[in-house]
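The structure appears below as structure tokens.
Order as written gives the chain letters A, B, C and D; numbering starts at 1 within each chain.
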């Protein structure tokens, strides 16, 4: 189980290849992954960039708490969350959530749970930069 | 939209990096991925290897049909399915399913739909090799 | 006037038959194809059938030149 | 006898205040901390609050030395 706040751009599939090496071979039959990526459009406006703020300390605590909750609720072998902060450009990965389990039901359920908990309550805030200036994103798109 | 039956081992995260280059940058906000991997144990027995048979022609038709169905049912930018056939060893990737969309609900729903349709009806058959001999797998673990 | 018939996986091994051709008869169903090819072997309970690579029921009628396939429950993914 | 108070994101910009200290008083609630720091600024409808990095309600009482944080709805992921 690992969570990380990342200040620089990251390549999610490279992170997965690296992280997966620590998980016992032959144990996991199912890996469910979600990657959130910055779009160049939101609410009908062109977005040129984004700044992601977080609450250092509380954010890490919260991501660890939901990872532990998922590990209690489902039969998981491992989980990984990486979340960007700082200045992003369109197409930059924002978040990576991955879960490894023996069977797919646990992996699917747990990865979605982690994303919904993260989106609804992890202390991150997005500020978008448009041609006309900047604005704080007020709410997320519903996930379920 | 791409589906592929692969006769040799593949690295799913490398495939994703390569495939994703063809999708328009800045369009996708959500990528949901499932990787099925061969375990070294099934139904309480050590499994040393596996042979995956398919129905050439029908398997490809079926995977394309469910990809098209998913694209009708959800708002997707692209999807990718790669499935191994032939001789596998424990820890070898069996299947990769990935879906790209603007928002996470579509990606989560469509990736799970594709896996459930694939597991329930795509014409693949697993034969396991144990220390004592071989056996055909009779049914899959439920996914929902 | 023939049908191509194919068997897969455990069924192929059990019948020791991968594929064969049988004469087509007007109004023939998938079940009749099974009976002809297997010399009336009892139908396995969980048998799956396809005609021209599309799932069908045992009662489906076939046409001359069709490819008829029989196989056990699938276990991919 | 002080509390550390922090503000984030749009709230930090609107109040032009990132963090500050306020004197702790016995039995103080999170809402009273807000009123003290912001000079009775009306509570935003969708305000979130945390004490020592755990979500709490406005009615939660605080202890000396606590870190109290106020922020708008979160939008990560």
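Here, contacts are C-beta pairs under 8 Å (C-beta built on N, C-alpha and C of every residue); 3 or more make two chains touch, one makes a residue touch a chain.
Treat the numbers as computed from the prediction; the structure is a model and nothing was measured.
Ranking every chain by how far its Cα centroid lies from the centroid of subunit A, the top place goes to C. Centroids built from CA atoms put subunit C at 26 Å from subunit B. Centre-to-centre separation between subunit A and subunit B, using Cα means, comes to 23 Å. Taking each chain's centre as the mean of its C-alpha atoms, subunit B lies 48 Å from subunit D. Residues of subunit C found to touch two or more other chains are 77.
Residue numbers of subunit A whose C-beta contacts span two or more other chains: 36, 104, 115, 119.
Contact between chains, per the stated criterion, is found for A-B, A-D, B-C. For subunit C in complex with subunit B, the residues that touch the partner chain are 6, 8-10, 13, 50, 53-55, 69, 71-77. Residues 11, 13-14, 16-17, 25-41, 90-91, 102-105, 107-108, 112, 115, 119, 141-144 of subunit B are the ones that touch subunit A when the two sit in their complex. Subunit A contributes residues 36, 52-55, 57-58, 61, 83, 94-95, 115, 118-127, 136-140 to its touches with subunit D in the complex.
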